[in-house]
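There are two complexes below, and they share chain A, which is joined by chain B in the first and by chain C in the second.
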Partner chain A sequence: MIAAVDLAWRNRIFYAFVAPFAALTIVFGVWPIALSVQVSFTASASALGTTPTYVGFANYATVLADPLFVASMARTLLYTGLAVVANLAFAFLAAALIDSPRLRRGTMFFRLALFLPVVTPDVAGYVVWRWLFDRSFGVVNAAADLLGLPPFGGIASVDTVLAAVLIAELWHHAGFYMTIFLANLAMRDRALEEAAAIDGANTWQIWRRVILPQLRPAIAVNLVYATIQFLKTFTVVVVMTKGGPADRTNFVSYYAYQLFDQGRYGEATAMATLLFAVVIALSLGALRFVERSEVR
Partner chain B sequence: MSAAARRWRSMLTTAALYALAVPIALLFLFPYWWMCLGVFRSPRQVLADPLRLWPESFDFSAFAEIARVGGVDIWVYALNSLGITTAATVLGVCVTAMGAYALTRRPELPGFRWLRAGFLLTIMYPYMLLVIPVYIVVFKIGLLGSYAGIVLFLALGPIQFFLFDRFFRTLPKEVIEAATMDGATEAQILFRVILPMAMPVLATVALITFLINWSQWFPILVISRSPDTFTLPVALLTMNGELGASFRAIMALAFATTLPVALLFVFAQRRVMEGMAAGAVKG
Partner chain C sequence: MRIARILGAAGLAAFVAAAAPVSVQAQQLTIWHDLGDNGVAWFERAGAEFAKTRPGVSVRSISYPTDQWFGRVISALNTNTAPDLIFNNYERVIRIQTQTNKILDLRATLNEIADKGFLGEDDLRVATFNNRMIILPAQRVQMAFGMRASWLAKVGEQFPQTWDDVRRVAGKFRDADPDGNGRPDTFGMALQAARPRDLIHMLDLFVFGSGLRHTLIDPQGQITIDRPEHAEVLEEFLKTYTEYRFVAPDTINHSFNEMYQVILGNRAGMFRVGDWNVRGWDGANALAGDFVSGPWPSFRGRPNSVVIGGMRGVAVPENSPNRALALEFAKFLLGKEAQQASLELLGAAVRKDLNVSALSPRQQYFARAEHRLAAYDFPESVHTFYPELEAAFHRKLLSGIANPPRDWKPFIAETAREMRELAARLGRN
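Moving on to the complex of A and B:
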C-alpha cells in the first residue's frame, strides 16, 4: 500500500496528465452507470430523492413479467441479427467490388458515395428516409410502381417496417463496415493470391480459401461493432417510427426511454441494465465465435 | 483462349463491375439529391411527380420558412452547433491526448488499469441509456441546461481514444529515452517531443470528433432545458415531430444540417475514412 502510494507520488505528473480524462470518464461514465444500477433497485417514485427506497429485484421482476418488454427484447434481438448479417454481407461485397483493381478510376468516388452517409447527421438522414418511404410522397413507392412491383408499405405497415428501418440504417452504417473491410483488404498478402492463381485456383476459390481467412480481424471488429450498434438502435426509431406501427419497432432502448420519460425510473434503469448485460454477452459471444473459427 | 478473346472477357468483366458499382453509388447518393429537390419543390409538385429529378423552378422560400424554428432563430441553432461542436472537439482532443498518453506510457501505475476498464465499460454501455443517468448526474452537479454540461459530456469518445492509444503504443521507445538522457522533464517530453510528433493524429482525431459531435442530438436534447441550447440536428428532430411542419422546410433544415459536415468530409475524405478505420481496429 505504502509502496503503491510512493510509486504514485513519484509519478504524479502522469496523474496530472490523466486527471481531466479520469474526471470526465468518472463523471459522465462510471458514476452514471453505477447510478443507473443503483436506481434499478429503488422504487421509481423515490429514485431521484435524497432517501430512495430500495426494493431489491422488484423492478427486474416487473420488467421480466411485462409481456411488452419480452416482446421488445425478442424484436431487438431479431432485428440485431438481421441487421448485422445484412450490413456485414453488403459491406463485404461492396468492399470486394471497390477493391477490384479494375475499378481503379471509380474507386474513390464509390468509397465517397458509400461513406458520406456515415458522417451525415443520422437525424437528417433518417428524416429524408422517412419521407422517401412515404406512401404518396415518397420515391420508393413511385419507383416500385414504375417497375411494376407491388407497393411497398414502408414504415406505415407492420409487415415492412423492419425492412424499411433496416434499409435506412444500412444506408447510414454500411459504409463504415465497408471501410474496415477495405483497410484489411489493403493489408493482405497479395503474393498468396498469385501463388494460388498459378496453381490453377479460380476466383471463387481464391476469395474463399486465400483472402477470406486473412480478413478475420476485420470480421471480428465488424461483428462486435455491428452487434453493439444494432442492439442499441434508437435514433432511427425516434425519427421514423416512434416504436410503431403496433410496437413492431419498439426496441428495448426506445421502450426504456419511454418509461424514463414517464418517470418510471426504476423499471427504465432495470431495462438498461438488462440490455447492457445482453450487449456484453453478445459481443463477447461474437468475439468467441470469431476466435473459435480461427482454430478450425 | 486467344489473346483477343481474353481481352474481350477482361473488358466485359470490367464493364460488369462498373454496372454493379455505379447504381449502388447512385442509390447511396440519391437521398441527398432528393433532399435538395425537396427544398425547391412544393409539396403539390412532389405529390404530382415524385420521381422528377430536376425542380420545376428554383424557389428559395423554404429557407425563409426555417428562419425561425420552435420560436428560436436558425442562427442560434447554427451557432450552437458550431460552438458546442468546436468546444467539445478542442476539449476532447486535449483531454484524450494527455489521458491516453499517460495510460499507454505507464499502464502499471496504481489505478490506471481501473481507469482504462472504466472507460471501456462506458463505451460498451448503450449510449442512449447512459444518457438517462447522465441527466441525473448533470442535474446533481448543477449543469443542467448549460453549454458546459453538453460540451463536457460530448468531449470523450471511443474512436478518439483508440486512435491516440494506437499512436502512443507504436511510438519508438528511443524517442523518449533520448529526451530523458537530455534531461527533459516528463512535461517537456510530452509537450515538446511527443505532441509535435502526434500532429497528424491530432488533426485526424479533431476532424473525426468534429464530425461525430456535429451529428449528436440526444445528449443535447436531454441536457438542455430550452431550445436555446439546441443544435441543428435537435432543431430538425423537433421540427420532424411537429404536426403540419412543411415538407420543404424540413428538407431545407436537413440540408442545412448536412451541408457543413458533407463539405468537410469531401475535403478531408481520405483522412476521415482512414482515421475511422484505424480507430475502430485499434491495432
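Moving on to the complex of A and C:
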C-alpha cells in the first residue's frame, strides 16, 4: 500500500496532467453508463424522477421472459457474426488488391471509392440503398430483370432482408476496415517476403505464413471494432426496415429504442445493459482470441 | 460605498430580470400536441379567443412528431417538467397514463360545462380509462375511402359500392395505366405495414366500414375474429396485402411517410382519407383535389359506413404548472369558437352546431356527416389489457403478411386461438 502511494507520489506530475481527462472520461463516459444501469433497476414510471422506486431485477426478469427479446438477441448475434465475417473478409481482400504491386494505376481511385461511403452520412446512404432495393422502381431489380435473373426480395422479403441490410452496411463500413488493413500492410517488413520467396515459398505460403501474422494488430482492431459496431446496429434499421418485415431486423438496439419510445425506461435500459454486457464479453473474447493466436 | 450602490443596483436589476419572465410565464399556458402547423394555428386562434376574457394570458402550443411526443410527454410528466396541457388521440393518452399515472381525472371539469349535449355516450366512454376521464373529447376522427377521381374516369368506373367493385377497380388501377405514362408503375391501393401498429387504420376501415362491431374482442371478452362474418373480412384484408397484388410490393416496409409518398406521388388509386388529410390534399401542392371520398364499400350486402376511428382530446397532467388555468382552457376548447376553428383548420370537431359553409366540398363531406357513421368500439376503455393484446394481434397479422400461408382460414383460426389464450392470461394478471 505504502509502495503504491509512494509510486503515485513519484509520478504526481503525470497524474496531475492526466486528472482532467480522467475526470471528463468519468463524467461523460462512465457516469451515463452507471446511470443507465441504475435506471434498469427502477420502475419505469418513477425512473426519471428524483425518488425512483427500485424493483430489483424485475425489469431483467420481464425482458428475459419476453420471447421477442430472446429472438431479437439471437438475431442480433447471428447478424453480428455474418456482418463481421463479411465486412472483414471484403475489407481484407480489397486491401490486398489495392496493396498489390500488380495494381500499378488507380490505387488512389479505389481507395477513395471504398472510403467515401465511410464519410457519407449514414442516413443518406441508407435512404439511397432503400431506393436501390425498391421492388417497384429500384435499380437492383431493374438490373436483375435485364439479366434475366429472378427478382431480389431486398428489404421487403423475410428471406433476403438480412442480406440486403448487410450489403448496405458493408458498403458503409468496409472502407474503414480496409484502411486499417492497408495501414498495417504498409508497415510490414517486406524483406521477410523476399527471404521467403528466395527460400521457395509460393504466393499462398507467403500470405499465410509471412504476411498474415504481421497483420494481427489490424485483425485485432478490426475484429473488436466490427463486433461492437454490428452488435449495436441501429441506424440502418430505422431508415430501411423499421425492424421488419415480421421482426426479422428487430435487433436489440432497435427493440430497446421502441421501449424507450413508449416510456418503458426500466425494461429498455435492462435490454441496453444486457446488450452492453454482451458487447463487452464478445469484444474481450475477440481480443483474447487474437492475443492467444499471437502467442501460438 | 459607491461600489456597494452599483452592486446593489445590479443585484436589483438581476432580480427584476429574473422575476419578470416568471410573472409572464405564470400566465402562459403551454400545450404539447402532434397536429403540425394546422394544430399550432388552431391553438393560436383558440388561445387568442381565450385571452379576450383573461387579459395577460397567452397560449403557446408546440407540435412534435408523434414518436417524439410520446417520449417527451412521458419523461416530462415523470420528472415534474410537464406542460400545462397535452392533446392527442385517446389511445395515445391512455399510453401516457399507463406509463405515468399522472393524468388528471376530468369528470368534475366536464360536469362544470353546461353546454355539452353534443357529447354522446360513445364519446364519453372513449374518454374514460380505469374509471378516470383522461381526456375531454374535442375532435372525432373520421376515416373514409378515397379514390383518385381522374383514374376512375380513365378506367371508366364509378366510385365502388361493393367489395367486388373494389377488387375490379383496384385491378384496373394496377393494370390499365390509369396515369397514362405508359409504364406499369401504379397500384390499386396504398397501405402500410412496416410496424405492427401500422395496420390499425386500414384494419379499422375494413372491419367497421363493413358493418362489424369489433376488430378483435367484444365487451364480454370474447375474441371475434374467427366468427364467419368477421373471418371473411379479415381474410380479404390479408389478401389485399398479399395475393391480390393491389399494393406496392414494398408495402411491408411502408409506414405513414412511405404510404403518403405512394398516395401523393400518383402511384396508388385507392387510399384511406382521414378528415385531417382533406385540407392538405385539396391544396395545389398535394393531390390538388383529384380525389373523391366515400364510405367503405359494402361487404356481402351488409350496411357500410364511414368510420369514426378515434377521438382526439385534451388532457391535463396532475403536475401541470398552471393547473386551474389549464382546466379552464380545456373546457374552452369545447366552446363554439374553439370548435369552429378546429373544424376549419383541422377538419374535425365534436360540436354539431358549427357553420360548415366555408369548408371545401370534401371537408363538408366529413363535417356534415351525412353518411352512416360507425364508431370504433374503444375496447381500451373496457379491457385495460387491450393494448397488449392488440399489439400481439397486429404482430401476428404482420407475420402472416410477411409469410403468406396458402390458406388463410387455418391462419385466422390459429390467430384466434392464440388471442384467446393471451386474453385469458392478461385478464388474470
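Note that in this section the second predicted complex is superposed on the first by the 268 of 296 C-alpha atoms of A that agree within 3 Å, B and C clash if a C-alpha of one lies under 4 Å from a C-alpha of the other, contacts with A are read in each partner's own complex, and residues count from 1 in each chain.
In this section, contacts are C-beta pairs under 8 Å (C-beta built on N, C-alpha and C of every residue); 3 or more make two chains touch, one makes a residue touch a chain.
Note that this is a predicted model, so its numbers are computed, not measured.
Of the two partner chains placed around the shared chain by superposition, chain B is the only one that A:F276 touches, whereas chain C remains out of contact.
Contacts of A:F137 after superposition: both chain B and chain C are touched.
Set against each other, chain B and chain C touch different numbers of residues in chain A, with B touching more. After overlaying the two complexes on the shared chain, residue contacts for A:R264 are found with chain C alone; chain B is out of touch.
In the superposition on chain A, contact of A:A156 is made with chain C only, not with chain B.
Once chain A of one complex is fitted onto chain A of the other, the partner contacts of A:V128 are limited to chain B, with no touch recorded for chain C. Legend: residue contacts after superposition of the two complexes on their common chain; A:T241 is shown touching chain C, with no touch to chain B. When the shared chain is aligned, chain B comes close enough to touch A:A22, but chain C does not. In the superposition on chain A, contact of A:A45 is made with chain C only, not with chain B. By the document's definition of touching, of the two partners only chain B reaches A:A8; chain C does not. In the superposition on chain A, the residues of chain A contacting both chain B and chain C are 48, 130, 136-137, 260.
For chain A in complex with chain C, the touching residues are 44-49, 130, 134-137, 154-156, 158, 240-248, 260-264. Taken in their complex, chain A has these residues touching chain B: 4-5, 7-8, 11, 13-15, 17-18, 20-22, 24-33, 35-36, 39, 48, 94, 97-98, 100, 102-103, 106, 108-125, 127-132, 136-139, 141-143, 146, 171, 175-176, 179-180, 182-184, 217-218, 221, 225, 228, 231-232, 234-235, 238-239, 253, 256-257, 260, 265, 268-269, 271-272, 275-276, 279-280, 283. Per the touch definition, chain C reaches chain A in the complex via residues 67, 70-71, 74-75, 78-80, 95-96, 99-101, 185, 193-195, 248-253, 255, 267, 395, 398-399, 401-403.
Remark: chain B residues 10, 13-14, 17-18, 20-22, 24-26, 28-32, 34-35, 38, 43, 46-47, 50-51, 94-96, 98-103, 105-106, 109-112, 115, 118-119, 121-122, 124-130, 132-134, 136-137, 141, 152-153, 155-156, 185-187, 190, 211, 214-215, 217-218, 232-234, 236-237, 240, 247, 250-251, 254, 257-258, 261-262, 264-266, 269, 272-274, 276-278, 280-281 touch chain A in the complex.
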